[in-house]
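In order of appearance the chains are A, B and C, and numbering begins at 1 in each one.
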Amino acid sequence: MMERIKYLAIKELIQTFRDRRRRILITISPLIQLFLFGYVAILDVNNVSTALLDLDKSQESRELARRFEGSGYFTITALPGSPEEMGHLLDRGAVLVAIQINRGFSRDIKKGVPAGLQVLVDGTDSNTALIAMGYVSTIVGIFSRDLPAPAGVTAEKAYFRTRVWYNPDLKSRNFFLPGVIALIIMLTCLMVTSMAIVREREVGTIEQLMVTPIRPLELVLAKMVPASVIGIAQMVLVTALGVLWFHVPIKGTFPFLFLCTGVYLLSVLGIGLFISTISKTQQQALMASFLFFQPAVLLSGFATPIENMPQVFQYITYASPLRYFLVIVRGVFLKGVGMEVLWPQVLALLVLGTAIFLLSAMRFKKRLA
Amino acid sequence: MGLLRIKAMAQKEWIQIRRDRLSLAMAFLLPVMLLLIYAYAITFDVNEILMVVYDQDKGSMSRELSAEFTRSDYFTLVASLDSYEQIDRYLDSDRARVALVIPVDFSKRIRTAKPTSAEVIVDGSNSNTATIALQYIAAIGEQFNRRQGLSPASPTIEVKNRVWYNPELKSRNFVIPGLIALIMSVIASVLTSLTVAREWDRGTMEQLISTPVKPVELVIGKLIPYFLIGFADTVLCVLISTFLLKVPLRGSVGLLFAVSAIFLVGGLSFGLLLSTVTKNQVLASQLGMLTSFLPSFLFSGFIFNISNMPVPLQAFTYTVSARYFVSVLKGIFLKGIGMRFMALEVALLSLYGAVVFLLACRKLRKRID
Amino acid sequence: MTDGAETAVEVRGLSRTFGTFVAVDAIDLRIRKGEIFGFLGPNGAGKSTTIRMLCGLLMPTAGSGTVGGCDILTQSESIKKRIGYMSQKFSLYDDLTVEENIAFFGGVYQVAKAKKGTRKAWVLEMAGLAEERAALTRTLAKGFKQRLALGCAILHEPPLLFLDEPTSGVDPLSRRKFWSLIRELADGGTTIFVTTHYMEEADYCDRLALIYRGRIIAEGTPTELRQRHMKREILEIETDSTIGALEVLLASGIDCAVFGSTLHCTVEDAAASDRTIRRLLDTSAITVDRMERVMPSLEDVFVTLIEVS
């Protein structure tokens, strides 16, 4: 049996790599995805275009303005002359934040009376807005602490010392890129596997193969070989580039990552097999892969945390192998943990993968008969 | 220009669409499905932050501090721990994302007006939620100080925040207008990317180009039925967004649909262009999906801020028509602004639509070579 | 732009190459108004390429000419207004009904509103689909599809009709019906250019051109072709052992081939060969049931011509 699988697998590999267009696609697509997610998918808030209206024009107000500019979070792109103008800038979308330092700012500070700062935020992008407002209060807080204290103050207030673990620079890139591995493997394996199987059926050679001693299981396993090889190769490629080019930290061990990728492949290949049983043409296989892939990715915690989704969706994600693999991948890269912490995820992947694979295999056999 | 011929083309296309029940169902189900899944799965609202507390003090003040966290809607207490090792385990295994460590003399120090601090550890893997969590933590700190009557040692600057357009900072309001643009992009391209290629594959194209029909008549004739479907899709999406998902629609509905119509013409013409140029159904559909989904998802400002991208990519986004549509949609839904502030975007969208339409007509050559 | 008195189509030196492959090599054609001109040749000879060039669907790489008075190099769109074309695949819309297909092509050819009804009725009648007008084209038998495709191509009553292998894959009865339709149209003044690889259909045409490997190897009426190119004669022999007789005759250097259950021998002098052959077969104890001289078929002509070229 191994003999037959070997020959089938070799045929599959030849077919997969002979097509020049496919060769290019296989190497280019992970690279493109990697670079896109590395450079484009950034949720960090920096250089927010800001309008500043300084009605006080005092030493203190100018210092505060300098603090905003120097923080790196805000870029003052407009100096409107009036609140109306500020409003227009927001309406037009020219700025996302507008800061108005009220007249009497410096006087109030010296008197020990609450000084006034008006901040208008474009809430359309709620994420950026929220974070931007937070930065404003942080900057203002540090500014006020640096000012000479007014007389007669007694009690000290409590404060927090915060420590950020795993991703201390809080770069969203470090969050996305390990996840890209999971994405790329899924997309490639789904497409390559399902299309490879369907192609045989489309062209008609599947009947030819079925009259030989080859058993359906052997055919299926052989079809999965190129997808697995490509998937692992892409994983290595993306990891290498992510670490070397984008400086994503990798604190965990590579062999463990390898092992988990293998277990993850089990589920993905199973899904690919399933897709091949519901498609009559390669075209349909491709469409089905894509249609499955999109929501699967969104509902996996790739971009937005699962715990923030509605309960119903959270339950659905338990059936998604992507969910577990993402935890594993982020754990390996950012947290440096291994089997001792991640064993529930690995187990879940194993169970899920086996179940999917068996179900798909059964369905495949029935289709053949 | 033969109106009669256009009418004949449009009628034929319409009959063919009507008879293809599956594709027709997909044309309406797909956007609805995508809209609902994306709307619920993509949320940047950060709540339900899982938290653990390591209270070394166990005094009244420390309990007050913990209560301050749990009282807020953002944090959920998962466990009370007794050691740093336990904290390690919880954070490593994703069972908690924030850990509050209250030192042993916390309550005493507060009562004796000495500078006091508590430690907060935050899982930074998801930098976005971590950043937001840090802000919540800072706010909670302020609240605690206020409640305990601990007056600040520094001058107060009162920051009055006003959030425009999306005052509750609901991320859904942020996501959905852009989502509609994304969905319409994909649908438009998917609808038309097959039509010409399919006629070539079946041989009816050869017959068609031997008749006196002009390329522009062919293009218009084919666009009309798909435009109707695409427009119906848009209406459907807007209805679902406003009534089911409760996204506010503050601007002019007429303007919304007018701009959508312009965008649709561009998107549909683009799909038609692909179909004409590739002459191959498989290739046309793959290219269609790729070139409509990826740019619209990544480069339209749908979720990822354009201002965060490297400058060359920012320049690239000017060529993505979805970018302008997203900005118009957000403007009409959330800002309630009118043509005055959107004239440029609308003009560019119209230009894009016209150019692609003309290209599609040019490329449709009435020859076989 | 008038139809020059008698000529409907005139091309000189028409050629088309695809890369290094020469599909059509300097063809000259002259087709008179109202005649049925047949273009015969095996698959891959260049028939479809030629017809596409004449219809303005393909640009020639060399040569010039006019179709319906319009220049094939510069006025291809005008040509399309004056012709009807039926492509090799009878390209009708499978997912449209008979009526819908007629309506569509009627609209595309801008058939005058007043005439629409009568033309539609005519096509339905001609194709025998009056009862089936609401049937999906996909469900029709090939013969019906063929006639429907023809009907759709002439809804606008064009002076010229170009048919690319209109009878391939169609049953013989339908083929005959089809050709009588063609004859009717030609009698009415339509010029018809037909390509086919069925040699027996040659006799339906007024004039023919035989094309092989991109070149015209013979041209004329069916009778002219037979007379001009067949210098030798054909003897048809029926025996009790066809293969046996074949072996014997071939061994003696006589050019013969199996033709159904008989043998066709190509000889210089039928009378003389008659005696020789009878003697040979007699010696081998093969009984000759019938031996007579027959007219060479066009297939015979064609094969001879190919061997010569």
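Annotations
To be clear about the criterion, contacts are C-beta pairs under 8 Å (C-beta built on N, C-alpha and C of every residue); 3 or more make two chains touch, one makes a residue touch a chain.
On a predicted model such as this, the values are computed, not experimentally measured, just so you know.
Seen from the C-alpha centroid of chain C, the farthest chain centroid is that of A. Highest inter-chain contact count (C-beta pairs) belongs to A-B.
For the pair chain B and chain C, the distance between C-alpha centroids works out to 61 Å.
Distance between chain A and chain C, defined via averaged C-alpha coordinates, is recorded as 64 Å. Per-chain Cα centroids separate chain A from chain B by 15 Å.
The residues of chain C lying in touch with chain B in their complex are 52, 55-59, 76-77, 80-81, 83, 85-89, 91-96, 100, 103-110. Within the complex, the chain B residues that touch chain A are 33-34, 37-38, 40-48, 50, 65, 89, 91-94, 110, 113-132, 134-135, 137-139, 141, 144-145, 148-167, 169-171, 173-174, 281-282, 285-286, 289, 294, 298-299, 303-305, 307-310, 313, 327, 330-331, 334-335, 337, 341.
On chain A, the positions that touch chain B within their shared complex are 36, 39-49, 90-93, 109, 112, 114-131, 133-134, 136-138, 140-141, 143-145, 147, 149-150, 153-168, 170-172, 174-175, 282-283, 286-287, 290, 294-295, 298-299, 303-305, 307-310, 313, 327, 330-331, 334-335, 337, 341-342, 344.
Chain contact summary for the complex, chain B toward chain C: residues 2, 4-5, 7-9, 11-12, 15-16, 19-20, 202-214, 366-369.
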